[in-house]
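Reading through the structure tokens given below for one structure.
Chain IDs A, B, C and D follow the sequence of writing; residue 1 opens each chain.
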Amino acid sequence: MSTGWLLRRLFLVAYTVLVVSVLVFAITQVLPADAAVTLLGENATPEALAAVRDRLGLNDPIWLQYWHWLTAALTGDFGHSMRTGQPVAPMMLTALSRSLLLALLSILLMLAVAVPLGLWAALRQGKAADLVTGFISYIGVSLPEFVTATLLLIVLADWLQWLPATGYVPPGEDFWDSMAHLVLPVLTVSVIMVAHVSRMVRSETIDVLHSDYIRAARLKGLAPRSVLLRHVLRNALLPVITIVALDVGYLLGGIIVVEEIFALPGIGRQLIVAITARDLPAIQAGALVMAVTYAVASTLADIAYALLDRRIRYD
Amino acid sequence: MTDLLRRLLRTPQGAIGSALLVLLALLCLLGPELAPRDPEAIDFLGRFRPPGAQNWLGADQLGRDVLSRLMTGARSTIPLALLATLLGTLAGAVIGTLSAYLGGRWDEAIMRNVDAVMAIPGLLLALLLVSSLGKGSLNATLAIAIAFTPGMARVTRSVALNVRAQDYVKAALARGERASFIVLREMLPNVVGPVVVETTIRVAFAVMLFATLSFLGLGAQPPAPEWGLMVAEARRFVHQAPWIILAPALAIGVTAIAFNLLGDGLRDALNPRDER
Amino acid sequence: MTRLPFSRRHLLAGVAGIATLPAGALPVLAQSSTSPASTSPASTIPAPAAGAPRRGGVLRVSVDQAASVIHPLRSRVNPEYLVTELLYSNLTRLKPDMTPEPDLATAWTPNADLTEWRFTLRQGVVFHDGTPCTATDVAATFKAILDPKTASPARTNVGPIASVEAVDAQTVLFRLSAPYADLPVAVAYTSARIIPARFAEGDLDALARQAVGTGPFKLVSYEPDRRIIVTRNEQYYDPARPYLDRVEVMVFPDSTAEASALISGDTDLMSNAGQGEFPRLSSARGVKALRVPSGQFLNVNMDCAQPPFNDVRVRRALALAMDREAMVGFVAQGYGTPGNDVPMNAAYHFHKEFPLKKPDIAAAKRLLAEAGHPNGLDVTLVASENPGTRAQLAVAMREMARPAGFRINVQTMPHATYLDQVWKKGSFYVGFYNMQATADAIFSLLYTSDSAWNETRWNNADFDKLVREARVTADEAKRRGLYDAAQKLMHEEVPSVIPAFFDLLAAQRSYVQGYTLHPRGAVFRLDQVWMGDGAPRRG
Amino acid sequence: MTAAPPASPVLAIENYSLDYTLRHGTARVLDGVNLAIGKGEVVGLVGESGSGKSSLAWAIMRHLPRNAVEASGRLSLGGLDLRGLDAKGLQAVRGKRIGMVFQDPSTALNPTLRLGEQVIEVLMRHRGLGRAEARDAAEAALAEVELRNPTALMRRYPHEASGGEKQRVVIATAFATAPELILFDEPTTALDVITGARILELFARLRERTGVAALYISHDLGLVSRVADRVSVLRQGRIVEEGAPEAVFLDPRHDYTRRLVAAVPRPHRRLVDDAAGGDTVLAANGLSVRYGRRRLFRPPPPPATKAVSLEVRAGEILGVVGESGSGKSSLARGLTGLAEFDGGIHATGRRLDHARQMDKAYRRAVQIVFQHPDSSLNPRMRIGDILARPLKLYGGALSDIPALLEQVRLPADYARKYPHQLSGGEKQRVAIARAFAARPSLVICDEITAALDVSVQAQVVELLLALRRQHGTAYLFITHDLNLIRQIAHRIAVMQQGELVDLRDAAAIDAPDAHPYTRALIAASPAPVG
């Protein structure tokens, strides 16, 4: 891993952000809603509408609007929400911090469950345990989040009343209450990823188990425990980094639905609210924040992989 | 081909997946004819009727027969998911194969943009697109197809790069074959296998994505018996009449499972693991 | 976790409930203008309090959509009204029987021809920032409301005010452009809250993020999509109220989750319960389900100026195809009353009872054929997604009208798109309106030619005349006669199909005392609420 | 050295038979094998692919696939019945009493574990050493296999070491536990010629010093006869011949052995005796092939071949030898337009400066056959369609296809088959037929026999020579096998690290004025015994 490689990765993140910004801006331009009407509401007079259009520069050519938006965005100014009148950037950052908490907890839970599950299935390949985990993981990857969320909500919050149904409490306010509110969203987000990642861990592990060096390790008479821990695990788990990084994209999508259902005011819910309210500045900022998050996550994964797997030479 | 089918049906995933899909295909073809009732007919007295002799899977908030809606709805759910995936695959396959064939600077440029688009989560991209295009099943299909394109382009490209490195492609290049011949005759047939596997698994995602879009109110229009929309509409009554939500939710799950199973079965059938 | 659901549940008795009555078994309302008790079924009245109101406690009230605007002059939806009501005061308040009672104004008197109204203000009222609230502030507020640039929804709802004047510190004089009997009710409008003159005349937008009012509570924190916290205003003009130390307004976009939160004891009061959740809430232990008949309705608006709906026979045909009793079931899950294509029901003071229109498909078919559509008619009915009952109504109407020859294509769309593209512009769409305080308010909001939102473009001169006359008539019997005639016109001409009215539904934990579910839907009066035995202690 | 089996063997295999259960019945892999290895003895086991030689190794190591069924026989290690061992007993034998050296050191070492760790863990396990002692012992073991600076090497990861270094680490590990027996499974096949030769020298020294018994498995009869005390020849699961190496090699009794011996390339037994023509069919002038291009934030890649100049005359066989990475295949890619090049190519009366200037005439005249028969034919096309392409491109009738197949000694009905229905040798014949369908004047053969068994290689070479006699085609024959090329080439070019270091007549390849690298290559490829 060289500085050149790192610079290149950073350049790619920047390029990604640029492409996404163009795309998102273009899409928001064709959204069927008048920004001025959205801003002023139903009671706006034509004069007021015209004044607002002028003030927002809605009469400028689109490329000029994009340029103004981009240059302002680079300084951290994403404009004011048309819905609430608040500045968008701090709103999105607060939302992002909540989503990241949800995402990180989900990934941790997922890893804690998926990795042992996948290993276990791989070591018992073809046996009952493997088939049962396989079947469960099929169900896991085949249920959309909104179904899982609804089922979990009914069972855990309504019937058993173990957990609060929805809402969000900042960890700083009441840590345990905060965690209790996060359990259901985290569970929902994790289900699909657990199913997916445990399958990947299983197949990676099986590949490693069939590799020459594991055969060599066994033929050197090493203890099975040491073969598993020192040789199999390390090599089987490395690709999981990449898989998890790819799943971040899926995770961000899933967060949209999950936050909506559990009333968790994160970036996904902000986006849904913004899209339904045609709150253009919020849509633009939210989509961009998501794309940046994804690009940064996959870059971090690449770096982690490069640090952990010394084989990779980036030249 | 028959050989592949035989191998597919020998894998447990392939066998179960194929069986389920045959059932679903029948439902798509004959569902509306076989449905016991008019899926849109409302019935004041039948509202929230539990599953029983009159309505085998119960009736919904407007007294419509859930089974009939489920059977009719297969046609508006599965073919569109398939269509979306196929469109996305086609576009992705063309971009990916082209990128791999062109190589070098072009490949780099195409793939950087594909990567950039992939940074927008698929669901978000679909949401934005449907919001712009307007609601409706066809627009949702289009949006999902577009959202799938970059991913499929990536997959196809990596397969195509693999194929391009094969000596028979080099031989064709050295022979001076036309680009179209190399892409269409030498590369594409060999790219198809792995891409078909990926596509099959993506149909499962498309079914789920469709349902999610409808759930968020951006897919099918009421009173269409689209499964995702059925779930969304039934959500308000989940405590009163859980069967209204369970039936379409399970149908979505079973369809997704069927395509996942078929995809894995195909994968195994295409590259049999060694016996060891 | 802060909740102790088990120990608490054992303390609570089972819940009584009108909600468990079968749909349709609701008693027809008595028409009265005196006592709130007579307009509300027994269960909505707080159970006789176990002793006098108690001070202290934290109330968590849930709302079903974000309070994105807390600007007191620009709020538009019920959760926003709930918040601004906590923070601000009006001149008057609307009682559950839709008559006014004093708020900042203690008394009001009109001149003889109802063109001038004089309001006397309460003494010693101060804003949250400590400055006194005087007639100057009131006058400045109304000037701001009436300024089109403010874009306040109140502008068209506070009556025909020509000018406002602070006569002295305690007296405000309203001069009207036309005689108006309902001004004391009109100034209770939910986005006509009184604000300090320095904001009304200066930086009006500043109130988008802060609250400086005279309300019973002061703003602590404001997160539009999650939670709004207010704390007791120690300087509130009524030393006894509010009883609560703090109110937390929690946003729940999902009604299932919102109900679950109440059932699990996470929240204490659910300001608006969906019909789907209501049975569950009614049977939940420790929860009291609340229900009150209201004039809230869904209407299907038809453009009376354009074909095909410019032909009254087409509109009548559609009206004849509707099974209104069934519609109450389909759309309101039984929690409502059938409508007769008039925007008023028994909850309104001047409601005129007509025999309920019965479905008559043959007659509908005949009318449609007479109107030149013997082979039926293709139309697209637009329904916004919010609330979900709009689509439900559209689908049910589609099925009911099908045998009569209407081929209705239902199209749903996000609310923002609907507002931008369809609302007030479309020719066939589903509208949804809260109950208004007076007959005049609802008529001149929607149906007169000069109405604020003339959706149907019905523009019936006779109707306009009747409404105008009633507005300036002080005599009760004469006024009733005029309104009866106006309603009869609508009943026959059907500018919009109004098949059902909704009861308002809500729910609360049993320990919540003093809460009255208001039929207006936009009035909450949390300053009267106190926490009884069994209430959880919340930091 | 004696040819007689030892009296008290370290390893005794008696009447051992092994089956694999397949979907359609069972296949016998080993059939009544008898083999004994005495103390300090090296027994060579020779066989072509599919002969069962690897299965025998796995059987001894008790590492058989799930579908393996041991039909009969005994395996005993100094009196210990290996077949009767349980998992615990097995772990005490593997690595401790029987060591193993694998074919490819780059896949046999864990890529994510430092080299030192991989030696230390074995020492800790089998010699009961503490970590610090094991580290010292590992260093000593690595020094033993003549690795320079073992301390530094121990800290490196496998990808940071060369193939030779890695194989030495594997060997050091095998020897470090002082086992009674070591199995060598083609330990030099994956290595370059010179590196492989050094490993063999090391092996000779180590066995002398330690007196370990060894089973040396290889496909290369010539090589085995140099290292083994006794040789067994395995064919289809049966030992068809055994004895002292000289006896087996010089006087093979079994037919199969005779064919095998005949197929071994011998540098001095020339297979071509005519001379090349005078005309030049192709000349490369300062040809440099470069992959990739300059990219943002990255250093430019070094060229794969540096300014190579050579010419091929009509009907000439020009051999190109060199180790992997020497640039010999890049030369082929440059000449066929598969990679961009700098410099010029003269052919068909023109000078080409870019790959895109290669016209139909050039492409017809210069054909290429690749190394891997499995990947050089499109698996989705029938053989007939594959052969039809050059005919369509360069002119020719589809009715020529049977003749083309016959020319490479394949039946005409193969035209309807798919590649996966053919054996490796057959596929390579199809690839050759495809090249000859263009009636080329030069065929570039890029390691075309490297993936084939010795006997198949001999047949393919013989076929190529016959085709040349028939058509007068010139060959640019790229190979790493110096012995093979000395048999057939008129001239030999030697490449090292992208440069052409030597180009001389085949007869003068071992002359004293040859490049030192050429001499090193010759020294590393000794002529087989006899």
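Operating definition for what follows: a contact is a pair of C-beta atoms (placed from the backbone, for glycine too) under 8 Å apart; a residue touches a chain by one contact, two chains touch by 3 or more.
By chain, UniProt protein names: A, B = ABC transporter permease; C = ABC transporter substrate-binding protein; D = ABC transporter ATP-binding protein.
A quick note: this is a predicted structure, and the numbers were derived from the prediction, not measured.
Undergrad: Report the chain closest to the protein's overall CA mean, measuring from each chain's own CA mean.
TA: Chain closest to the assembly's C-alpha mean: A.
Undergrad: So using the touch definition from the top, which pair is joined by more C-beta contacts, A-C or B-D?
TA: A-C
Undergrad: Using mean CA coordinates as chain centres, what's the gap between subunit A and subunit C in Å?
TA: Subunit A and subunit C have C-alpha centres separated by 40 Å.
Undergrad: Provide the C-alpha centroid distance between subunit A and subunit D, rounded to the nearest whole angstrom.
TA: Result: the chain centres lie 49 Å from each other.
Undergrad: So how far apart, in whole Å, are subunit C and subunit D when each is placed at the average of its C-alpha atoms?
TA: 87
Undergrad: Two or more other chains touching the same residue: where does that happen in subunit A?
TA: In subunit A, 32, 150, 158, 260, 275 touch at least two other chains.
Undergrad: On subunit C, where are the residues touching two or more other chains?
TA: Counting only residues that touch two or more other chains, subunit C contributes 256, 385, 414.
Undergrad: At which residue positions does subunit B touch at least two other chains?
TA: Residues 131, 134, 235, 238-239, 276 of subunit B each touch two or more of the other chains.
Undergrad: What residues of subunit D sit close enough to touch subunit A in their complex?
TA: The touching residues are 61, 63, 87, 90-96, 100, 102, 104, 107-113, 121-122, 125-126, 157, 159-160, 170, 173, 296-299.
Undergrad: Provide the residue numbers of subunit B that touch subunit C in the complex, in ascending order.
TA: 40-42, 44, 47, 61-62, 131, 134-135, 217, 221-223, 233, 235-240
Undergrad: Mind listing the subunit B positions that touch subunit D in their complex?
TA: 104-105, 108, 166-168, 170-177, 185-186, 189-190, 275-276
Undergrad: Within their complex, state which residues of subunit C touch subunit A.
TA: Per the stated touch rule, the residues are 1-3, 5, 66, 68-69, 71, 74, 76, 148-149, 151-153, 155-156, 205, 208-209, 223-226, 250-254, 256-258, 260-261, 263-264, 266, 385, 414-417, 419-421, 423-424, 453.
Undergrad: Quick check: in the complex, which residue numbers of subunit A touch subunit D?
TA: 4-5, 7-8, 11, 211-224, 226, 230-231, 234-235, 238, 308-311, 313, 315
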